[in-house]
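Chain lettering (A, B, C and D) follows the sequence in which the chains are written, and residue indices restart at 1 in each chain.
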Amino acid sequence: MGQFQVRTDLALEAREKFTEENREVKGVKLKEEYRRGTEIKVTTMVIETENGAKAMGKPKGTYITLEAADMDCQDEGYHREISLELARIVKKLLPKKKKALSVLVVGLGNRDVTPDALGPRVVDNLAITRHILKEFGKYAFGEEEVNAVSGIVPGVMAQTGMESQEIIRGVVGEAKPDVMVAIDALAARSTRRLGRTIQITDTGINPGSGVGNHRHGLSEETVGIPVIAIGVPTVVDAATIVNDTMHTLIQAMEQNSRLETLSTGLSALNDMEKYELIRELLSPQLNTMFVTPKDIDESVKRLSDTLSEGLNIAFA
Amino acid sequence: MGQFQVRTDLALEAREKFTEENREVKGVKLKEEYRRGTEIKVTTMVIETENGAKAMGKPKGTYITLEAADMDCQDEGYHREISLELARIVKKLLPKKKKALSVLVVGLGNRDVTPDALGPRVVDNLAITRHILKEFGKYAFGEEEVNAVSGIVPGVMAQTGMESQEIIRGVVGEAKPDVMVAIDALAARSTRRLGRTIQITDTGINPGSGVGNHRHGLSEETVGIPVIAIGVPTVVDAATIVNDTMHTLIQAMEQNSRLETLSTGLSALNDMEKYELIRELLSPQLNTMFVTPKDIDESVKRLSDTLSEGLNIAFA
Amino acid sequence: MGQFQVRTDLALEAREKFTEENREVKGVKLKEEYRRGTEIKVTTMVIETENGAKAMGKPKGTYITLEAADMDCQDEGYHREISLELARIVKKLLPKKKKALSVLVVGLGNRDVTPDALGPRVVDNLAITRHILKEFGKYAFGEEEVNAVSGIVPGVMAQTGMESQEIIRGVVGEAKPDVMVAIDALAARSTRRLGRTIQITDTGINPGSGVGNHRHGLSEETVGIPVIAIGVPTVVDAATIVNDTMHTLIQAMEQNSRLETLSTGLSALNDMEKYELIRELLSPQLNTMFVTPKDIDESVKRLSDTLSEGLNIAFA
Amino acid sequence: MGQFQVRTDLALEAREKFTEENREVKGVKLKEEYRRGTEIKVTTMVIETENGAKAMGKPKGTYITLEAADMDCQDEGYHREISLELARIVKKLLPKKKKALSVLVVGLGNRDVTPDALGPRVVDNLAITRHILKEFGKYAFGEEEVNAVSGIVPGVMAQTGMESQEIIRGVVGEAKPDVMVAIDALAARSTRRLGRTIQITDTGINPGSGVGNHRHGLSEETVGIPVIAIGVPTVVDAATIVNDTMHTLIQAMEQNSRLETLSTGLSALNDMEKYELIRELLSPQLNTMFVTPKDIDESVKRLSDTLSEGLNIAFA
C-alpha cells in the first residue's frame, strides 16, 4: 500500500500485504493449522527479529489468530469449541514459573459504546476468585493449586480523565498479580473479519490500537509484568473503508474498457501519487468515525460469552 | 444524483440536491428563521402537493428542522434553549381539539446499540403521568387540565420477533391515546449533521427509515392516530460515505490539471453511468454497516436529555 | 396465622400453613419427586376444586415447584440440569393442539431494580425466531415444524403509565400468539427460598403478585390465550420479615422460663389479638419496601441464564 | 440502645440515641441551620475529641448533613437548590493550599445492585477535565485556574477480586490527585431517612460502612491524601428493621393496658437482657439482606443527578 498506512490491529492483516505481493518477510514465521472436526483455523505468527518487527509494524513476539466463519452465530456447541481452543492457547502463553498464578484480567474499552464494550463485558462474566482465596485460602475450592483471578474495567479517558495505563499500573503495583490478560475490541482492515477472528498475543497492547485508540501501550515494559492481549475486531476505521473502495475504483478504471482514456491517465500516476490523491480527498472528520455492523449488539454479546468462558476454562 | 438514491432520513438533506442544482421544487415551501440571541436555526419545510412529495421522496406534511452547531456540547444553558424551542414546535403540532391530551411517546430503536438508543433513552427520562391521572384524577397535579403522558420502548425485531408497528398498533388499540410522538435515531447523508439537527414532522415515520430500518411505517394511516416524529441523525450509512467520497474523487479528477486525460474520459460518461460504476464497486456488506462517531455515547446521552426535557416542557 | 395474611407468591408456601397445622386441604393434590442423580426436587400441586382454591388463596390449576439448594451457585453443569428439568415441565404445560406453536414470552418487572429484573433479562437471552419464520418460512431452520418465539418486556407502570395488562392485551391482539409464557420475580414468605425455587403454573399471573405488585392479573380469562407463568422468588416483603420475627419473639416469650409472667399474659390473648397487635406496630412505610440479598445481582444473572436456557430448550 | 449496636452510617443517627436520652455528648459540637426560602436543613456536627469519637463510634472530624423532605421528588428547581447547597459545602471542605486542585472522584458501590449504584452513577455524570487539561493546558477552558477532575468506579470485591482500597491506593499513587471525593450509598437506621439525607464528611469512608460493607476504610491515613466522603442512605439493614419493630413491640407491651401482666414481666428484664433476647431471635441470614424501597430506581436516578450536578458546580 505504499506510504499510506491503513490501520489494522491484526498482525494477520498486516502480513497480508506481503502475501498479496508474494513476498517473504524475513524474521517472521507463519504456521497454519485446522482443528480437526471443527471449522476453526489457527494461525501462529512469530515475529522473531527487529527487522521483522519493523516490516510488520508490530513488536517482536507471538501472534496467534483463531478464525471461524460463524463465530458470531447462535450455536452454543460451536462456541464451546472456540472457548476450548482459546483456553488451550492462553494456557500455553501463561508464565510457567509457578503452579498457581495470580492473574489480573483487564477489560479495556468503553462499556457505553457497543462495539467497544467487548473487554468490559468479558470481565463481567469472569469467575473471580482472588478475594475468596485471600480470605479462605486455596482449600476454599477443595483443590491443591488454584489460580487467583482478579478483574478490572478501567474505562476510557473521557470517563476517567486518566490513561488506562495510569490506572492499570497503579492497580498492578498494589495487587501484584503475576500476569495480566488484556481484552480489547480491535479495528480490522476488512469488514469481513469483524466478529470472526480472535487474536491472542504475548506482546501486550500497542500504543494507538483498539477501538478507542489507547494512546499509551500496555506491555511488560510499561506495566512490569507479562501482558497477554486478546482482541476481536469489531470496527473498521471509516477512513479505511473509504480508502479501500477508492482503491478498487481506481483499479477498476485502469481495467475497464469503457474507460480507456482514464486508464492511460491513471497509469501515468505512480502508486504514491494515487494514494496522495485519495488522502487529499478523505474528510478529516472520518478519523473520528468508525464503521460497525448494525447487529453489533448480538455479536458482542456472543463473543464476550465465548471469551469469558475460554478464560474461565484456562484459569480453572 | 441521477437514479442512484443515497439514503437520508432528513427532509432538509433531500431538498439539498435541488438547491445544489439551483432548482425550485414545485409544491414545497421553505422558510428559514434564526432565533434571536441563540445560535439556533429553524427551517420549516411544507410539502404541499403530491408532486412535491414525489420530487422529495417524502410524504406530504410539515418538516421542521432545528439546527445548532454545538447541540452535543456540555453547556446546560444552551441545551435548555434547544429544549424550549423543541417544546414550542411540538406544542404547535399537537392536535388542538381538546384541552388535555393523552400522549403516547414511543422510543424506537435498539437500546443496546449506542447510536440507536436515542429513542429508548428519551422515554427513560420522561415525566410519565397517565397512571397517576387514572388513579387520582387531574387534581393529583393541582391543575385544571393535565396531559396524560405514557411511554413505551417496543424494541427491535431481533429482540422481539415482532415489527414495532405490530406492538404499537396493539398498545394504541388498548390504551387509546389521542396522539403519538415517535422518537428515533436517523441516518443522515453527511457526517457534519450527526448530533446537530433535530427533525420534527407531523408525517410520522416512513417505512425503511431510522438507524435499524423499520420495515413498516408509523403514521395516522397505519396507527389510527396522528403521529408526530422527532428524530436526530446519529449515523451515516456506510454505503453513503463511500459513495460520497468517490463522487468527490471523480469530481477532483475532472478538475485536476494533473489528470487531464482522465477528465476527458470521465466527461464522456454521463451521471448515471458514473453512479452505476460506483454502485458496482460498493461492497454489498456495506449495506449492513453504519458509520458513527467514536464519542457517540456522550452525544446520545446529551441529546436524549435535551429531547426528554423538551417533551416534558411541551406536555406539562 | 389467623386473619392476618402474610404475602407469598408461592403456592408451596401458601400450603405450608396447613402442613404446620397438620391439616389436609380438600381439593388440593400434592406429589413430590426427587430427580435421580441430581439434587432437584419437583413438587406438583393441583388445586382441583373451588374450595381448594379458596383455602389456598390461589386459582384452580397446576403449580409445579422446582427446588434446588444451590440454584444460585456458579456450577454450569448443575444449571444445565435445572434448565433441562424446566424445559421438560414447560413442554408438558404447552397446548397440544398444533405441531408448531407461536409463543409470546413476556418479561414482567422492572429492568432497573435488580431483584425485579429477572423477567426482562430472561427475554434478553431468548432465541427469538418469529420474525425469521415470518420472513423465510420454517425451512429457514431446516426442520419440519418450528415454534415461532417472540418476546416483549412491557416495563412497569411508573415507566410506561400503562398497566402491563393493557400492553400485553394489545400485543397479543396484534401478534396473535397461541400461548403466552410470563416470567416474573416473586415475593416469598421465607428468605431461605430466595433464588432457590422456580414455580411454574398454568394459571397465569394473579392480581397483586410479583415484586412490583401488578394490579391486574394475566390469565386466559383476561388475555384470551393460555398463560403459563414462571417465577422465582427474589424478595421478601419487609412487612413479612418483621411479622415473622415478632411471631417468633412472642412464641419464645411464651416458652421462655425467664419470662414466666409474660407467658401468662400472652396466653390470655388469642391468635387474632396477637396479630392485631403486630399489625398496629408495623410501620405503614414497610409496605413500600422489600428485603433482598446483597448479592442479588449475581443471583439474578445466573437465574435468568438458567431460565432462558430452559425456555430455549423447550421451544427448540 | 445498650450494648446492642444497630448499624447506621449517618453520624446524625448515631447522635440521636443521646438526644433521646437527653444527654450531652462531650467533645461533639452541633449546629443546625435552615436555608431561607428553601426546605433544606443543614446540620454541622464536629467531633472534636477522641472521647467524642468513642462515644459516637465515628472518627474525629466534621460531619455535615443536608436534609430535605422531598429530595427524591421530580421538581428540577428544587434539585438545583440542593445541588447548590452541596457545592457550597464541598467547596468549604476542599483543601485551600492551591488555586487549582486535582480532584479524584471515586464512585463506590455496585453498579448492578440498584440501591448501591449511587456512586458509580454520580461518576457517570461528572464533567471530567483532567485529560483535557493535561493535553491542552488550562487555556483549553479559557480561564486562569481550572480544577482537574478525574473519576473512577472501582467496582466491588465480587466483581474485581480486589478491595476498593487496593485499587484506589494504586490509582492515587499513579495519578497523584490533591484530594479524593468518595461517593457511596449508605445504610441508615430509619427507613424515613432513605433518599432524603446527604452526609458530607472530611473523615473519609469508615471500614464496614456503605451498602456493600467495604472492609477497609478510605481516609487520609490509608490513601495518603485528604478524603471527602459524600453519602446518601438508600438501604436499612434487614436486622435493624426487625430489631426496631421488636423494640417497639416490647415498649407497646410495657405500656398496653391489655397486657398488664406482660408489662410486669418485661419490666423485670433490663435493657441488655431485652436486646439479648432480640438478638437470639434474629435470623443470621438477615445479615446478608437489606431493605430498600420499591421505587429505588427513580430515587437513585434523581439523587445521582443532584449529586453530580453539585460536584460539577463545586469543581467548575
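A few remarks follow.
As a convention for this text, contacts are C-beta pairs under 8 Å (C-beta built on N, C-alpha and C of every residue); 3 or more make two chains touch, one makes a residue touch a chain.
Worth saying up front: this structure is predicted, and the values here are computed from it rather than measured.
Fitting subunit A to subunit B on Cα positions gives a rotation angle of 180°, stated in steps of 5. Averaging C-alpha coordinates per chain places the centre of subunit C 35 Å away from that of subunit D. Distance between subunit A and subunit C, defined via averaged C-alpha coordinates, is recorded as 44 Å. Taking each chain's centre as the average of its CA atoms, subunit B and subunit C sit 42 Å apart. Multi-chain contact residues of subunit A, defined as those touching 2 or more other chains: 158. Taken as a contact graph, the chains are arranged in a single closed ring, with each chain touching exactly two others. Every pair of chains meeting the contact definition is listed here: A-B, A-D, B-C, C-D. Looking at the complex, you find that subunit A touches subunit B at residues 110, 112-114, 158, 191-192, 211-213, 238, 241-242, 245-246, 248-249, 252, 256, 258-262, 264-266, 268-269, 277-278, 280-283, 285-286, 288-298.
Against subunit C, the residues of subunit B that register as touching in their complex are 123-124, 128-131, 148-155, 157-163, 166-167, 169-175.
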